[in-house]
Structures are given as C-alpha cells and as structure tokens.
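Pasting the structures in now, so scroll down.
Below, subunit A partners subunit B and then partners subunit C, in two separate complexes.
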Partner chain A sequence: MDEIRVTIDGKQLSGHPGMTILELARENGIDIPTLCYRPELSLLGACRICVVEVEGSRTLVGSCHTPITPGMVIHTHSPKVLETRKVIVELLLASHCGACFMCDKANICELRQVAAELEVGLPRFEIKKRYYPIEDVSPYIERNLSKCVLCRRCVRACRQIAKRDLFAVAYRGFDAKVVVDSDRALDKEACRDCDICISFCPTGALSKPRKLSEEKKGKPLVITS
Partner chain B sequence: MPEKRIVLKNCGVIDPKNIATYLAADGLKAWQKARQMAPEKVIEEVKAAGLRGRGGAGFPCGLKWELARKSPGDEKYVICNADEGEIGTFKDRYILENDPFTLIEGIAIAAYAVGAKQAFIYLRAEYHHLLDLLTSAVSQSHEQGLEVNIEIREGAGAYVCGEESALMESIEGGRGEARYKPPFPPNRGLWQKPTIINNVETLMNIPRIILNGAGWFSQTGTEKSKGTKVFSVSGDVARPGVYELILGSPLRELVIDLAGAEKVKMVQIGGATGRIVPYTMIDTPLSFETILGAGSIIVYDESRDTIDIVYRTLEFLAEESCGKCSPCREGTEAMAEILARFDRGEGREKDIKVLEELARAMSISALCGLGQAAPTPVTDSLQYFREDYAKRIKQGGKVRC
Partner chain C sequence: MSKVATNPENLLARLKQAQDRLGYLPEECLAEVARSLNMPLSEVYGVATFYSFLSTRPLGRNVIRVCKSLPCYLKNSRMIVESIEDKLGIRPGGTTPDGRFSLALVNCIGACDIAPAMLINHDVHGDLTPRKISRILQSYE
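This part shows the complex of A and B:
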C-alpha cells in the first residue's frame, strides 16, 4: 500500500491509507485527548475534544474520525486548538452536577483527567445543571445520568460488543439523554450481568450498585467491584 | 436590476395538478434533450453554467454531480432537499405548490446525469398538505416515461434534518443527527452509496440550463454567482412574499423597493444561522461573494429590539440542536441562558466576553453547520449593535429607540 506523508506538529510522519489523524499521532507518541472515541467501538465524533488544526481547513477537524490525506499539515496543540478544547471541557463541567468528592470514579474519571491536562479549573459558564434521579432498579447497573457526558460509549458497547442494544439516545439539544426503551428505568429483565457498559463509561454515570441494604441490616459493607 | 423569472417561470401560469398544462409550456423538453446527451455532457453543461447550490452553502452543483458520477458503484441516489426549515424561508413551498413538474424534471435529469435509479424528495413535516399534490405530480410524470423512481419521504419536524447528513440518517430510519465528514455524500451518502443532495431551487434551474444552454444561464448574475435567486421576504415590510431577483441585486432593491420596508433597523439574511446586517449596509449586493444564505430575508424596523431578536433566535437553535456534539448542545444552551439574562436587563460586562469566547469555540469545533453557525446572530449583533447589549447592563429593562 502507498504511504501517506503528513506533518504533525512539525514532524514528518507517514501512515497508511485509511488511517485517522489520531491513530497516526498516537502511534508516534503525540497525545491528543479524547472522550467519546474508543478503538473497540465505531466512530462517532460527538465530544469534539480531539479537534486539531489542519492547515487550509475552515474549521478544526475531529482527529478521531478524519483520515489522513497526502500533504496534510496538522497542529495538535496550537493555541487555537487548546483554547477550543478548554471551552468544550468547561462546558461539559458547567452542566455536570456530580459532586466529584463523593463519586466512586473520581480518581479514574476521564472527564477529570482531560480537565486536569488542559488546566481547566472551575467553569466560567453558568448553565443549568443536568439533573436526573438515580436509577437503581437494576441489580447490575446503577445509572446516575446527572454525570453523563453523552459520549455514547455505553450505547455503542452494548450494541457492538455485548450485542444487546439496550440503550438509545432520546430527546434533543440539552435534553438529549441515553434511554432504555421509551425512557424507562433499566431493570433486571432488560439487562444481563455483563458489566460491559460500566467498563466503557468514562465518568461515574454508570456503576455497579453497592449493596447498601446489607449495611442497614448490620452486616459490614463489602464493596465487591 | 429588475425581477427576473427563470425559476418561477411557470408559477401561476401552469396548473400544478395537470401535467398537460406543463407539457404545453415546454415541459419535459429539457429531459428529452438531456437523454440525447451523454451523462458527462449534461454534467459539463451544469458546470459551465456556474450553478451553485441554493440551499445555503453555495457548493458548485456540477462539481457535486461529477464527484457522484465518478464514485464507483451501481447504486446511487438523488435527494431533493425540500425540508425548508430555515426561519423565514417559504420559497420552496411556493415552488412546490405552483410548479412541482419542473422540480421533478430537474430530479430526472440529475438522476440521468449521475446514474441513479432511485430518488427521494424529503418533504418538510409541516408541508404535509402538499403530499397529495406532489404524489400526483410524480405519478403523472412517471406516466410520461421517466426512468427514475421518485419516492417522497416526510420529515418529522426537526430543523437539523435539513442538514444533508442528518437528512440521510432520517431517510435511513435513524435519529435525525449529523454525521462526521468526510466521507461526503457524493462518495458515501445514503446507505453509504454515492448520493447527490440538492435544494429544491437548485434542481429547478436544471431544466432551464439544459434547454437554453450554459451560456444563456451564465449571462446573468455576478462573476461567482450566476443566475437568479428566489427570496422569501418577511417581517416589517408592506409586501411580504416570494421574489426572484438576478444575483448581485442590492439588498435595498428587494427590501425597500419591492417589499416596501420603512425605517429599517436591521435585516436578518439566511435565517436563524444567517447574518444580521444594519441599515447602513442596505446597498450590499446579494450574492455568494457577499451575503446570501438560502434566501430568507427578515426585516426588522426601528421599533424592534436587538436583544429580543437574538435571544429568540438562540432559543430556537438550542431547542433544535440535535444534541450529538458537546460544543453545540451545551454552547447553544449557555448562549441562550446568557441572552435571557440580557433580556431581563440583568446582563453583566463579563457575559459579553464569555459570549465571544463561546462563539469562537463553537464556530470551529461543532460537528455540523448548525452548531458552527449558531453563534452568527450573536457575533453580528455584538459587532453592529453592541450598544444595545451595553444598555441592558447599565440600565436594565427594554431598550427604547
């Protein structure tokens, strides 16, 4: 196969046809943050955190889904790129109503990691919080969609890896939400105990339920996950 | 420059229910002529005419067709975008109501040129009342021997489904949301097959070009904007309606001379995601080189309030954002909330900086044209009517002029 030569951050690199900017960058040790992208899942291009500058392009482009073309000159960390990524992360944090210090996933949360890398502090945008009651009907998954960033990794993982297709997106704009059926709580009937979606969720929106009932009965709390 | 009826030639002249009246007005002659030409020659003619898309983006029509023609594969599609969701546009409705036959002829020629056997007309949900008329026009045209099968699909009432990739998702039965690009439709569109998608008005020009020749067509207009444009004029005007003007005609002619506007404060050109221009720019020519959009012209007179207009526009866009990508989903909401504050007279100095920063990020990072252009009313009004924002910071209450 023909090689495709491009320039990323001043380095001459070459990749094979069909390769995305992100793949080539990562292969060469250039880090571009991502949130909705996962190599095991189909491409989506939703979070826009991975945007990069391509010379001659009117807008920034999503590096996770844009294939390399001959002669492309790409900047992954230009001031324009960093500024834009920061605004996006800030927007996601602004509507996020999870209290991080009480979150199981606080130390492994990808949203927090990206925010830390980009040095985003408290968001300047005031925007209403995304609030949904916790769904804890299912014995297998607890869904706290107030912490959801709509990356749809759970939707795709359930469909493409677990082969179950339980989740879909409903509503639009700010009200967009990952739902089960016509927006009902996830229960035992719907889901088998595979944990795949939980492992794909970048935030604390999906987790293994704790067995709080046992604690109430005086037994010691055992966290099994 | 005067009004000139190329696209609307048959409107009010033929009976849209009866193809005989259309045939008597040179109907289907262009289609017959096209079929005597090689498909590549048809595309050459459209390219030479300099026809650009009338749905807003102004992409060269012939080039789009050529890309689809050259894309490998036997199965190709033509889509006519009749979603007409842009605020203040009703020109496609006027065309569909009065002359569905020319549109169908345009679709047939497009299908012949790119090698498609199947075409779709994606009809705006609110135009349901036109379904019977269109269905009848399609079947009458099929009786005349059109090879392409034309199917009408109704939308479900989403603005974003006018965006080409969301429209294709919708035809495929999915959620109406934009896809990432590339691939572009001429390479991989509907069901991942090569597809051309054109606005109603773009396709209306095709029979005229084929019948009269590219040279005839490209005589009118400016260097980069050939032919005419159909405008929908509404707002504070004495004579709202549909007007067809030669491209390059000044805004003044349309808004003041033809539509009879007085005491104009600003004009919103191209709908919710379009440009806002102050009265001082009333002599701007309407063309792809300057300002055009899909032909929506909303006129506001001096009694109107800038913040009110911009706030309502952003509220609409926040509501219509499909919610897929974060900059648009969260950004339109943030902008609408800030503007709501200005509307209540509770704006703050730092909000303006925040609006500008959001606008910069959204316009270059959103996934589709909706989110990219959503900040336009904000940035334009900040440029031309900044004092109206300032008044809502200092004094509170509505600005009175």
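This part shows the complex of A and C:
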C-alpha cells in the first residue's frame, strides 16, 4: 500500500491509506483532545472537540473521522483551533448540569479534564440546563442523564461491544436524550450487567448503583470499649 | 449513528404508513415495526420522536403546524401562535378537548416567501395575520 504524506504542525509525516488525522497525529506524539471518539467504537464525529485546521478547507474538520489525503497541511493547535475547541467545551458545559464539586465522578470525568486542559473558566453562556431525574430502577446501572453530553459512547458500546443494543438517541435538538425502548427506565431483563456502557461514559452520567450495605457485608459495626 | 443491519429507508416509510393509518404511532405499533425490521425498539422510537411529522401521541383531526424558524419569526410568527392559542385555548403540543385541532411548532416548511406560514394537515397557509387565522380555522371541521 502506498504511503500518504502529510504535514502536521510543520512536521512531515506519512501514514497508510484510510488512517485518520487523529490516528496519525497520536502515533507521532501529537495530542489532540477527543470526547466522543474511542478507538474501539465506530467513528461518529459528534462532539467536535477534536477539530483541526486543514489548509484549503473552508471549515475546521473533525480529526477523529477525517482520513488523511496526500499533501494535507494540518494545524492541530493554531489559535483558531484552540479558540474553537474552547467554545465547544464552553457550550457543552453551559447546558451540563450543576457544579463539578458536587459530582462523585469529577476527578475521573473526561469532560472536566478537557475543560481543564483548554483552560475553560467560568461559564460565559447562560442557557437552560438539561435536567432529568436519576434513573435507578436497574440494579446494574444508574443513569443520571442531566450529566449526559450526548457523545453516544454508551449507545455504540452497547451495540458494538456488548452486542445488546439497548440505547438509542430520541427526540431532537435540545431535547435529544439517550433512551431505552420507548424512553422507559432501564430494567434488569434488558441489561445483563456487563458494565461496558459505564466504563465508556466520559462523564458521571452512568455509574454502578452504590449499595452501601453490600460494601459492609459481614462486617457489623462492633463497638469495643 | 452507527449502521443498523436494516435499511433505515424502510423504517421511515413504515412509520409514515402506520401514522397515516392510525393517526399516530402507539407503542405497540413501534414495537411491531421494530420486530419486523429486526431493529431495537429504542432506535425506532428515536426516529419516531425525531421527526415532527410523526407523533407518538394521539393527535386531533386537524394538525396545525406553525413554522418557528427565523424568517417566519422575523415576520412575527409569535403573534400567529398567540392568536391560535387564544382562539383554541391550547398551547403547542396540545389538542382541543373536542379533538378538532392539535397545535405544533415546526421548523421551516419551505414557505418562507409567504412568511409567516403554517400548515394545516397538508395545506399551506401563508402571509398570516390574526384576522386571517379565524377564517382559516373555521374552514376545518
């Protein structure tokens, strides 16, 4: 197979046909932030955080799903790219619920990590927050969709890795939501307790229900004097 | 959206057919379509709730769809919605108790040249004014 030569951030690099800009960049130690992308899942291009500048292209392109073509000249950290990424994260955070310091998953949250890396500060945009009550009917998954950023990683992971296909996105625009069946609370019949979607969720939207009594099973509190 | 092992074109056509037949898409009907196309119900529900011309709730005999996109908005579509709300006593998403009308807000219906515009069932009505609205509404039983 022929090599494809491109320039990324001034470096001459070559990759094989079919490779995406992101893959080639990462292979060469150039870091581009991503959120909806996961190497194990199909390419989607939902979040736009991975945008880069390609000379001659009218708009910025999503590096996670754009294949390299011969002679491409790519800038992954130009001022325009950085400013755009920052606004994208700000917009995601603007409709994202509440404050990180109230969230169990704050310090393993990929959204927060990306925001920190891009030095996104206090929200500039005042828009409606997404609010959904917590769904905790299932003994296996607790869904707190107020924290969901619609990256669709759980949808793809359940379909492509767990081979169960429980989730899909319903409604449109601001109301878009990851649903089970016809927007029913997830029940145990459907889900087989694989935890795969939980491990794929970049935010605190999916977690294992915490069973405090089980954590202390067989260890009654004994007070000795 | 990842590829589902079925033809999504069939899905839309099937949903449209069912909607024409039943007036809306009840859950059993979505489940039936999902089964026959071998798709998860969530995916079918997702498509059914994405399109504003499909409905998962029963609708009135006549469905009013007022355009809420920018060109109509600039020609004061807000006023049109308000006057329909006043006349029928329902809000967008609602149906009159006698089942005569349902009201919905939709994106551009391709009638920007006669903005503000709306559809009632399959008829386009444009250059709307509150005065005109009463007359138009009267012609639907």
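FYI, the second predicted complex is superposed on the first by the 209 of 225 C-alpha atoms of A that agree within 3 Å, B and C clash if a C-alpha of one lies under 4 Å from a C-alpha of the other, contacts with A are read in each partner's own complex, and residues count from 1 in each chain.
Keep this in mind: contacts are C-beta pairs under 8 Å (C-beta built on N, C-alpha and C of every residue); 3 or more make two chains touch, one makes a residue touch a chain.
A quick note: this is a predicted structure, and the numbers were derived from the prediction, not measured.
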{"item": "Clash-or-fit label for the pair subunit B, subunit C on subunit A", "value": "clash"}
{"item": "Partner chain in contact with A:Gly62 - subunit B first, subunit C second, else both or neither", "value": "first"}
{"item": "Which superposed partner A:Asp181 touches (first subunit B, second subunit C, both, neither)", "value": "second"}
{"item": "Partner chain(s) touched by A:Ser42 [first = subunit B, second = subunit C, both, neither]", "value": "second"}
{"item": "Touched partner set for A:Glu27, first subunit B, second subunit C, both or neither", "value": "neither"}
{"item": "Partner chain in contact with A:Val51 - subunit B first, subunit C second, else both or neither", "value": "first"}
{"item": "First, second, both or neither for A:Glu117, with subunit B first and subunit C second", "value": "neither"}
{"item": "If touched residues of subunit A are counted for subunit B and for subunit C, the larger one", "value": "B"}
{"item": "Which of subunit B and subunit C A:Val169 touches, first, second, both or neither", "value": "both"}
{"item": "Steric overlap of subunit C with subunit B in the superposed model, located at which of 58-66, 94-102 or 112-120", "value": "112-120"}
{"item": "Contact residues of subunit A, present in both the subunit B and the subunit C interface", "value": "44, 168-169, 171-172"}
{"item": "Sites on subunit A touched by subunit C in the complex", "value": "42, 44, 155-156, 159-160, 165-172, 179-183"}
{"item": "Subunit C - residues contacting subunit A, complex", "value": "1-3, 27, 30-31, 40-43, 45-46, 48-50, 56"}
{"item": "Subunit B residues touching subunit A - in the complex, by the definition given at the top", "value": "158, 160, 175, 179-180, 182, 318-327, 329-334, 337-338, 350, 354, 357-358, 360-361, 363-367, 372"}
{"item": "Subunit B-touching residues of subunit A, taken from the complex the two chains share", "value": "43-49, 51, 58-60, 62, 65-67, 80, 83-84, 87-88, 91-92, 94-95, 124-128, 149-150, 168-169, 171-176"}
